[in-house]
Every structure is written in C-alpha cells, then in structure tokens.
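Take a look at this one; I'll ask things after.
To keep things simple, chains are lettered A, B, C, D, E and F as they appear, and every chain counts its residues starting from 1.
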Amino acid sequence: MRITLINPNTSVAMTRKVEAAAREVAGPGVEIVALCPPPGDGPEAVESHFDEVRAASVVVDLIERDLEAGGSDGYVIACFGDPGLDAARELVDVPVIGIAEAAMHVAALTGRTFGIVTTLSRTLGRADDLVLRYGFERACVAAYGTGIPVLALEETGSAAFEDIAAWCERVVREDGADAVVLGCAGMADLCARLSARVGVPVVDGVAASVGLVAAMSRMGVGTSKRDEYARPSRARARAAAIA
Amino acid sequence: MRITLINPNTSVAMTRKVEAAAREVAGPGVEIVALCPPPGDGPEAVESHFDEVRAASVVVDLIERDLEAGGSDGYVIACFGDPGLDAARELVDVPVIGIAEAAMHVAALTGRTFGIVTTLSRTLGRADDLVLRYGFERACVAAYGTGIPVLALEETGSAAFEDIAAWCERVVREDGADAVVLGCAGMADLCARLSARVGVPVVDGVAASVGLVAAMSRMGVGTSKRDEYARPSRARARAAAIA
Amino acid sequence: MRITLINPNTSVAMTRKVEAAAREVAGPGVEIVALCPPPGDGPEAVESHFDEVRAASVVVDLIERDLEAGGSDGYVIACFGDPGLDAARELVDVPVIGIAEAAMHVAALTGRTFGIVTTLSRTLGRADDLVLRYGFERACVAAYGTGIPVLALEETGSAAFEDIAAWCERVVREDGADAVVLGCAGMADLCARLSARVGVPVVDGVAASVGLVAAMSRMGVGTSKRDEYARPSRARARAAAIA
Amino acid sequence: MRITLINPNTSVAMTRKVEAAAREVAGPGVEIVALCPPPGDGPEAVESHFDEVRAASVVVDLIERDLEAGGSDGYVIACFGDPGLDAARELVDVPVIGIAEAAMHVAALTGRTFGIVTTLSRTLGRADDLVLRYGFERACVAAYGTGIPVLALEETGSAAFEDIAAWCERVVREDGADAVVLGCAGMADLCARLSARVGVPVVDGVAASVGLVAAMSRMGVGTSKRDEYARPSRARARAAAIA
Amino acid sequence: MRITLINPNTSVAMTRKVEAAAREVAGPGVEIVALCPPPGDGPEAVESHFDEVRAASVVVDLIERDLEAGGSDGYVIACFGDPGLDAARELVDVPVIGIAEAAMHVAALTGRTFGIVTTLSRTLGRADDLVLRYGFERACVAAYGTGIPVLALEETGSAAFEDIAAWCERVVREDGADAVVLGCAGMADLCARLSARVGVPVVDGVAASVGLVAAMSRMGVGTSKRDEYARPSRARARAAAIA
Amino acid sequence: MRITLINPNTSVAMTRKVEAAAREVAGPGVEIVALCPPPGDGPEAVESHFDEVRAASVVVDLIERDLEAGGSDGYVIACFGDPGLDAARELVDVPVIGIAEAAMHVAALTGRTFGIVTTLSRTLGRADDLVLRYGFERACVAAYGTGIPVLALEETGSAAFEDIAAWCERVVREDGADAVVLGCAGMADLCARLSARVGVPVVDGVAASVGLVAAMSRMGVGTSKRDEYARPSRARARAAAIA
C-alpha cells in the first residue's frame, strides 16, 4: 500500500518532518511518499486565506501529477486548513483525508471533547469552518493561536515548545478538553512530548490521517464517486491535454 | 462610486450579461466594471470543486491587479460558489461580497424561507456549505439542480427557461419557499420573468450584491481588517514583487 | 423612491435623529420620512417586552395609516427589537426591514463575526431571539448591555460615549468580533466616531436598513406574499372600517 | 389555588370551551377562571401576525386588570401563538405559561417526537418560531395546517373532526410522530377522541398548561424576576396611573 | 393516583428524603411510593458512567417488579442521569419521567435560561448529553460540579450548603441563569433555602417530576406506545418467565 | 497488538462472523479476539432500549474480565447501539470504539453524506441519539429500518440481502447519500456485495472499528483519562473484590 502526502508549502524541511511522522505510524507494508511544490510554485507557508487559495491549487496539481505517474492507494493533505480537499476527492476513487479532518476525528474518539492549538490566531476562522464542516462544533471546546508562525516551528527551540505546551495545558485545565489537536503539520514531531506533559492524548493530524487512510484502504473503502465527487469532465480534459 | 465584478470563468458573454444585470440596478452615481480572465487563464465554467479551486485563484489575481490599477469602492465575486471570498476580504478594506452570499441575505429579507435553483446537482454540496457558513440553514428549505450546465444558459432558449421555472415552482409550491435564489450568475437575466411566473420574489445574486456593496459603501462600512481579514504579509510581498 | 421609517416610541428628538441618519446614507433620489406616535399613544422608550407589545401595535397602526395616505416604496422599523416586523410584512408588498435585522445582515458582510452593544441588559433576551431568528447565532459572538437607558442617549455627553466605546472595545478585543452592531436607534449618530475609535466597522441599523430597502427596491424585490405573509383578511376589513 | 386563563380573542363560546377543558384536569383545590376581551377590544380570532400583535396587547391588559383585582396563582395564555408571553412574565412573579409551550413540553415527555396539527397554514411560521424558541426543533418532526379557520371549530361537525383526525394520522404514520400537539385552543374538546382514533397521545395545550401551572405552584416555583423578567418601571407607572 | 419513584442507588436515607420531597408537592389524592435496591444489588451512588450502567439495570428491574405487583399511575426515575429512561418508557403505558428531564422542563418555564449545579464534575458529560437530548442546549447557560460526592450530601452540614449556594450564585450572577437546576436527588431538601438565598427559582427534579407525572395522568396522557416505545417482546417473555 | 471485540448478545454464530470480519481487515501483527456472554447472561439480540440496558452491563463485565486476564491494546463494542461505550471508556486507557461510532466516522470520510440501513425501525431512535452525540446530524441524510430482526440475519438468504440492498439503493438514489452505514454487526459479511451493487462505499462498523483502534494504537493515542473518563473508584473497588 502506498500513501502519498501532499505538503502544499515549499518547505523541504517540513516535508521531511511530515514524512518521518507518517512513517513512524505507518506499520508494516505501508509505503510513505511526501511531496511538496518546488520553491516559487506554492506558498512558503499557509497562514492566511490568500495562502490557502494557492495551497489548494498545489494540492490539485500534485495529485494530478501523482495520478499520471501511476497513483497511490490513498492521499493525505498535510496542511491544517485541508486546502483543496473537496477537489482532491473529485480526482480519485481512493481515500483522501486532510490532516485537520483526521486529527479531529481521532481526537473525538479519545473522549468527549478536544481543543485546538495552532499557529497564528488569524487562521482560527478557517479552523472554525472546518470544525463546523466536519460536525465537531460541540466536541471542540476551544481553539487558540500561539502566535508562532509556521516556519518558526522548524527552528523549534525550547521556547516554542514551552509556549505550545502552555496553550495545551490551558485548553485542558481551563476549557476542559479531553484531548488536544495540534493545528499545524509542522508540529508533528512534538506530539509525544506534549502528551507526556499535559497528561491527555495530543493528536497530530499527519499520523492520524495515515492511520485512517490505511484503515479505509484495508476495508476497501474509498471516496464516493456519486454526483458531487465524480471526476469532473474538465479535469479529465485537462489531464489529457497535459499528458 | 466604482464597483468591480469578477466573473472567474472565461466566458465573455456571461461577463457582459453580469455587467448588464449590475448596471440595471446600480442607480445614479455607481460605475460598474466587470472582469473575467482571458481564455486559458481560468475555468470555462465553475461546476465542480476542481473548477472552484481555479476560480479562487482567478478572483485573487484579478482583485490584486485591480488594486494595482487604483482599486474600486467595492468588489463582487460573480460566481455562485463565492470562490476566494475569504481571501478577497483579506486583500481590501472596501466591501467584498459573493453573489451566493448576497442573494441569500436579500432572499432572507423577503420573508421567512427561500429555496435555491441552480445548474448541476453536483454543485449542491458547495451551496450547502455556503448556506451553513452564512447562517441560513433554517431559512433555506430546499436546493435543486436543474441539470442545465452553466454555458448552456448562454443559449437559453425557451426550454431552459421552462425547466428553471418548473423547479422554481416546485420549491415554492412543495417546499414552501417564500422566495427563490437563482444559483448561477448566468441566470441574472431571467429574474424578472421567473418572478412574474412563480409569484414570489426571485433573487439574482449579481443585482443583490451590487445593492449591498453600494449600501455599505454609502454607510462607510467596509471589510473588517481585524486579525483574520488583515492583509497578509505574503500578499504584500508578492504585490511588491509584481509591481 | 420614498422610504418611511417608523420609530415606535414617542420621542420626537429620537425620531429626528433617526431621520437624519437615514438621510445621510440615502443617496440621490431617495426621500426619507420618519414617523412616531403622538405622546401617550406609544411607549416613551422600548426597554422591556411590555414596551415591545405596545411598540408592535404602534408599528402596525402607523404603517396602516401610511398605506391609507398612499404608501411608500419601503418601510423601516426603527427600534432594535424589530417590534411588529412579521405583522408589517403581512400588510405590504414592498420591503419592510427591522433595524436589528438590517444591522446584523450588514455586520455579517464585513467579516466573520460581530458583537452587539445595546442599552439595558434586560433587552438582551430579545436580541438573542432575533439573532437566532435571523440565523446569526454563530456570527454573533457576544452581546452586552451598557446600562444606559434609551432616553439618556438623547443627552449623550462624553460619559455615555466613553461607556459605549469601552463596551465596543471589549467585544472586539476580548470576544474577537470583526464588527460591532449598535443595539438602539438612538445610537445612530455615534457610529462614525465609534468606528474610528475601535478600528472595526460599527454598524447602525438605521443606515443599514435604508441601504437594504433601497437596494431591494431597485431590484424590484419586495415582501413575499405567499401564505404566511399574505395580507390578512381582518387587516383588510379593519382598514375598510377605518377608511 | 386560582389559575386564570386568558383567551385573547373575543369569542365567548371558545372561552367557555377553554374553561371547561381546564376544569376537567384541574384536580381538587384548583379554581379556574377564563377571561376574554369584550367584542371590538381584541381580534375575533388569531390567525395572522397582525392578529397576534393585537392579541399580545389583550394578554397584557387582561393580566394587569386581574392583578389589580387581586391576582391569581398562575396564568395561562390560551392561544397557540403564545402572544405576549414574555411581557406577561415581566408582570407577575407567579407562573405564566402559553398553551403552545405547555403542549410541546408535555408532548416531549410522552416519547421522542411529536407533530403539530393546527388551523391555517399561514400560522405555521409562528409555530416554527415557538418550536425553536422552546428547543423542540429536533423533537417536532412535522407541522401541518388543516385549513380550518379558528372560528369554524366552534361549529365542529364531523367533517372538521375527520379532517383533523386525518392530519393527525398522517403525522403519526408518515412523519413518525410519537404524539400529536393540537395547535389551537379551540380544539381542546377533541383531544380524547383524536387520541383514541390515532392511538398515540394527543395533547391539548389548555389542559397541559393548567397541569404545569398547578405543579409549579405546588413546588413554590414561579417566574424568575432576574433582569429580563423583572417588572418594568413603565408597567409600574402605568398601573399606578390606571389605579 | 399512585406515583412510584425509583432511586437506583442503595441508600435508604436518600430514598426516604426523595419520598418526603415528593409527598410535599404531591397534593391531595396522590399516593407516593419510593423504592431502592437492597444493598449490593445496585450502586451505592451514581457518579460515573460505570454506576449509570448498573443504575439503568436497577430501574428496569424495579419497574418490572412494580408492574408484577399491580403497577402505578406513573413512574419517576429519581437519579439525575435519568438512567434507563428509554427502557422504562418501553415497559409501561403510563408516564415515566426522569428527574433531570423534569427539572429542566420546569426550569425552562420560569424564564429563558437556567444553570445546573451538581455533585462531581465527572458527571457533567452525562448532564450535557441530557441537555442536548431534551433540547435545552440554548436554555442551559452553564453546568458546574461542586465536588461534593452524592453520599456526602446525606451529612449536609452548613459547609456543603454554603458550597452549593455559592455555585448557585455564580450561575445566576456570572452566567445569567434565570433559574437553577439542582443536579442530584440528594439535594431535594435544599431547594427552598437555596431559592431564598439566590433570589431565583431553584428547581429540584424530584418535586418537578411528581408534578409533571400527576399533570399528565390527570390529562390522560401517558407514554406513546408507537414503534420505539412499544413493549419489547423480550421484556414480555422475561416477565412471563419470572412470573 | 491485540484487539478484543465484545458482542454483547449471546449468539455464538454472530460472534464468529464478527471475528471473521475483523480478521479480514486487521492486517499483519494484529490479533483479534471476539467475546460474547454465555446463554442467559445477556440479551439474545439487541433490538430495544430494554435489550440495550442489558447489553451495556455485558460490555462492562466482559471488559472487566478481559482486564483481569491481562487486557488488550484496544476494545470494540460490536453492537450498533454502542451500549456501555462511555462506561467502557472509564475502565481502560487504551482505545475503545463502538461500531456505530466507527462506521459513521469512516463513512464521513468517503464524501459529504451517508445514510443508515439497520434492522428494526424501533432502533432508529437510538441511532438518532448516536448521530447527534457524534456530530453527524448534518452528514446523516436518512436512516431506515428494514424490518429484518437481528437473528434473522444469521439465516441470510437472498431475500434478506435483496431487501437490504433495496434500502441501500433508496438511501443513495432518493436521499442522496454518498455512502451507506450498515446498522448491525450481523451485516458485517454483506458489505462488499452491497457496495458492488449500489456503487458507493458501504461501511461495516466492525471493520471500521478495528481499523480505527489499530490506527490509534500505532499513534500511541488511547482514551483520555481526564475527569469524566478517569477510572471510577467503585469500579476499582469492585474489581478488587472480584479478584
């Protein structure tokens, strides 16, 4: 089974980190590939709706290219806004999962409630949209921005870790969250330490989405191709033109 | 006052139709400009999430260019999925309104309930998302796809009109809608005849959005620049690079 | 185009203020008329459900009288509880909008969220009912009473302004509102100064409703006369008896 | 214990019917008084928002008069739109219950779901508002208007009964309601026969509200006088002026 | 009329307290019986989902036994988690009400909002489930655990009373509750004193449920036996086997 | 990794079927154990709330016994009502998932909407409760009972398959479901054939829950032990007494 992860920003370091996090939970027989756009062909980080628009284009393009190269058994959109998720579902019949979606589903299975700790507060509106879209408006008791930019996570010294840990503790102690969802693919490597610190499950969407895609693949369950998610004719035409 | 409408598909005919519909309701002192991407630089029509991703890119690009050319007093996204709306709001401090958003707000002011009649049924999922995002999940009593593709509306003979009218009547008689929202910018010219036929207000989002943008502009109310909708730094950087 | 505003309380000073606020945004070709009941024929202010019952009667009576005198192209109920709105919609086929309704719709178009700053806290229950009725329960992040009675706004010295501004700042800074809705027709003249102070759009319902009524009128969209909002037979009979 | 029922329409026949229905369930030690406005001082029936505005005035006035005459241990608003309920709660510290409210609460205790069968379909919007206000939007699976006007119920021959029974059966068999709420005080005498016919509990709001008021009174639980429902100063002043 | 209350824990002292609270509000002609399981046959207190599972078994068993002994005119589940309520409704055709359900319904009739003050915070999840199940998610503004275990209420010295009173005051003053619901059958005797202290209605579910069952019984309204709540065949078979 | 499935009914045949379905998707390194109560110690099938109460007791008891015997890396409650799920979560710190919960989460990942096809219509109320509890009230577009009792599935001839297939087709064609959730552990073996027939993903909760438990286990994410789901003291005491 091959699972392809799409990091829609241009950071190679973050793509490697995502890949490593995915491999750690993949289990035997699951091959992991992580892609990102070349410099200049995508946003350096996804921290606004403006970036999100560009990220969605990247996701669609990289999946189309992967399909031309033979395709995978499942796709993960490794960016917490789940950019291009609906479009990606149109393109394939295997599972496609966004890391925000995956993290929220898994967090919901650990208890009753969860909280989200993410990067910049300006992305919280997008997180709210996703919470509502996926049906977790009662499960999600709070969402906070730490103020740490995505790329600053790459140089995660102890200060960033301490900041993130403090927000995790707040969401657990004050908002009563049973679990914490980390709101950025770039936080994938902090999961275990944070969980040990705050004493509740801390869920990274990269790991969660790999687990969910693998489970669906083993069940023979992919993306529904009924109406809304059928492959659009223009996508077909374009793929033909590119090929 | 200048209002710029962005039609994110490449149909010049539809762009002219949108412009005409906007001018009809603009009132004295309101200049209307309607833009669309050159052929090949955007989707021919927006009928899938795949198209929506490309449309959002077009919206962002055309607004950025309009800003470089001096900008307008308000923007309308003339495509029923409201592609790129949140990103557009980040870019400007004047009002930006999508035509789905505008049509739903105006329809809600005509009574208690409304229904949506749109093009292909596969776009109803996106319409549902917008209904929920804007808070009209109780007001919107039904949404139907007519099965008429966007571009077929350009050659609207009587058959298409009759089909659309039949769906409008259904949403009023069987679903109890007080008003009908037309789910495509390409239906802008059918509004008055449909309203006469079904006996309730039939709302076109192009006209609705022009009215709302003009009203907000006269009130001195634009887009909030607080946090989520503040202009993103990467947009600033990119604009500088382009300039 | 003639728009009639109904202030259901007996304060002539507030009625003049409402009229002025309406004229300021009316634009060319829009005539503004503002009515209020004579002393003793309506509540001095609307600050309770008890007052609201009387205000609703006033609204219905003044609209019936205006209709007998030839009618207008649209009506505004210039009281934040939107008293009598559904009944008013039954009486006419032109647009009728309440100022709470108008302010919330416009505020929702400026971003994602808004807060309400009103007079007495005892009126917040009614505001909640309207937020839910209009579908803004997710958009409206907070509502506060300042404790300033309606009529005290007429003598708005700097103390009242400072109080209101402080609540506006709270709703923006602490509750994360993208915009502020002013919850009383008597605050119509404070809008621009408050907006300058708090740095986000501050929306007055009087101005908002004039803009929305004018927009709907230009679109040829009025009140749906289907079933619920058809003119009731008893209203017809009574009008005949009065005439 | 004395319970006063307010029928806000001018039909003496319906008032007697309401009184009889109340007495039947009152139990020992509960005195029932039923009031209505004199002809010309209220609507003949309540079948529109226009009527509702007048009915609310009647409710407030009759409660104020009853208070001046010594008051009661609880009040029932015997009109399915619950007109003036919030204002009535401001005026007293004993329980006040509307018959729509009471019927929905009792119906919810008989199982999981209920349906509403009422008079004219144009009143269904008001019923929807109340369903939402009281929190029964998931419990209420359907609401239908029979098309029978309120006053026609007074001459309930077998045809009207059969019509109403047919709608009750529909709401049970097709919509899966566990119970039926009758949407008019004038249907109070049909309850037992309808229940025998359709085989599920059929709930009349008059009986339900008397039971709830009596229960609250025995518990020593009345209307909360905190903030929103505190007696308004203008009501005090007006009562003093009248006295 | 005979009403049977089931206390599913093994505390005889709490059962006597529940019985006394029920008798106080029962009114003439209502006989009260309170049952509990013998020591070892049920949980000592219900303070977790684990206890809840055992409590539900007790409720089902004690109702079955009461039915074999002739049955009652109505049943009350005297435990705030309403354990076994749906199963109990399947077994009988008379009214069955849980004390959480009853308290919330009555509290909702005293104004707009209520808060819950209960024993251990770990039971708040169950309270949330019930609030949602009964439709009070907008009415219930807050729920707090005092940290006082159920059985410690039996030795209610002034310290426990003061603690509970402090939480009641918080829910009224800070969360704006119009009424307070006490979240444990063991608090039944504190109601009047707490109400006097905080100045709003304080509702005990034992008294509330007795009033509601009596009201329904006088109306001839019981549990709907349609589909979901029809007596299950296995219950029939088992009862036959036991008999 | 060892995953223990609890079938709370006494059917050994169904337990073997559940075990087989689980093994088929378990993947390398995952040991599957399926338990059920001995005849007479649990319900023969779970088709009512009455059965559900007994099933919850079985779940709690079998998990306690498995823990005494060394415990597993995760638990699945293999009964569509998810009986005892919250109590089970209190008892362990590894993942515990109900098959209704698992099936709904996976179905939600295949598109936008799903429908449920289950056994008796009387169990739909419980399904509704779970849909709401897990946040899928917008995703779940319809739920139907086939009228086929649980144990009749064991003798699934072609008639039962055709019936179930017809309901699956209805939920896809008429209600617009993107996927179908099978509402009984006894349908686990029909999944692939049904999916081939209706052309959309058909999700069996047994397979789904095994995949989710395995994914969570590999991530090191278990059940949150914060407050509500901490192991209750009475469970500890009882386990000690038994041991």
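In this section, a contact is a pair of C-beta atoms (placed from the backbone, for glycine too) under 8 Å apart; a residue touches a chain by one contact, two chains touch by 3 or more.
Because the structure is a prediction, the values reported are computed rather than measured.
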item: Of C-D and A-F, whichever chain pair has more C-beta contact pairs; value: A-F
item: Chain whose mean Cα position lies farthest from subunit A; value: D
item: Copies subunit D and subunit E touch via same or different residues, half shared test; value: same
item: Geometric centre distance via CA averages, subunit C-subunit B, whole Å; value: 27
item: Interchain centroid distance [CA atoms averaged], subunit A/subunit E, Å; value: 44
item: Per-residue multi-chain contacts in subunit B, two or more chains; value: 89, 112, 125, 132, 138, 227-228
item: Partner subunit C, residues of subunit D touching it in the complex; value: 43-45, 47-54, 56-57, 59-60, 84, 86-87, 89-91, 121-126, 129, 132-133, 227-228, 230, 232, 234-235
item: Residues of subunit B defined as touching subunit C within the complex; value: 25, 27-29, 89, 95, 97, 101, 105-106, 108-112, 134-139, 172, 176, 178-179, 192, 195, 199-201, 203-204, 207-208, 210-212, 214-216, 218-229
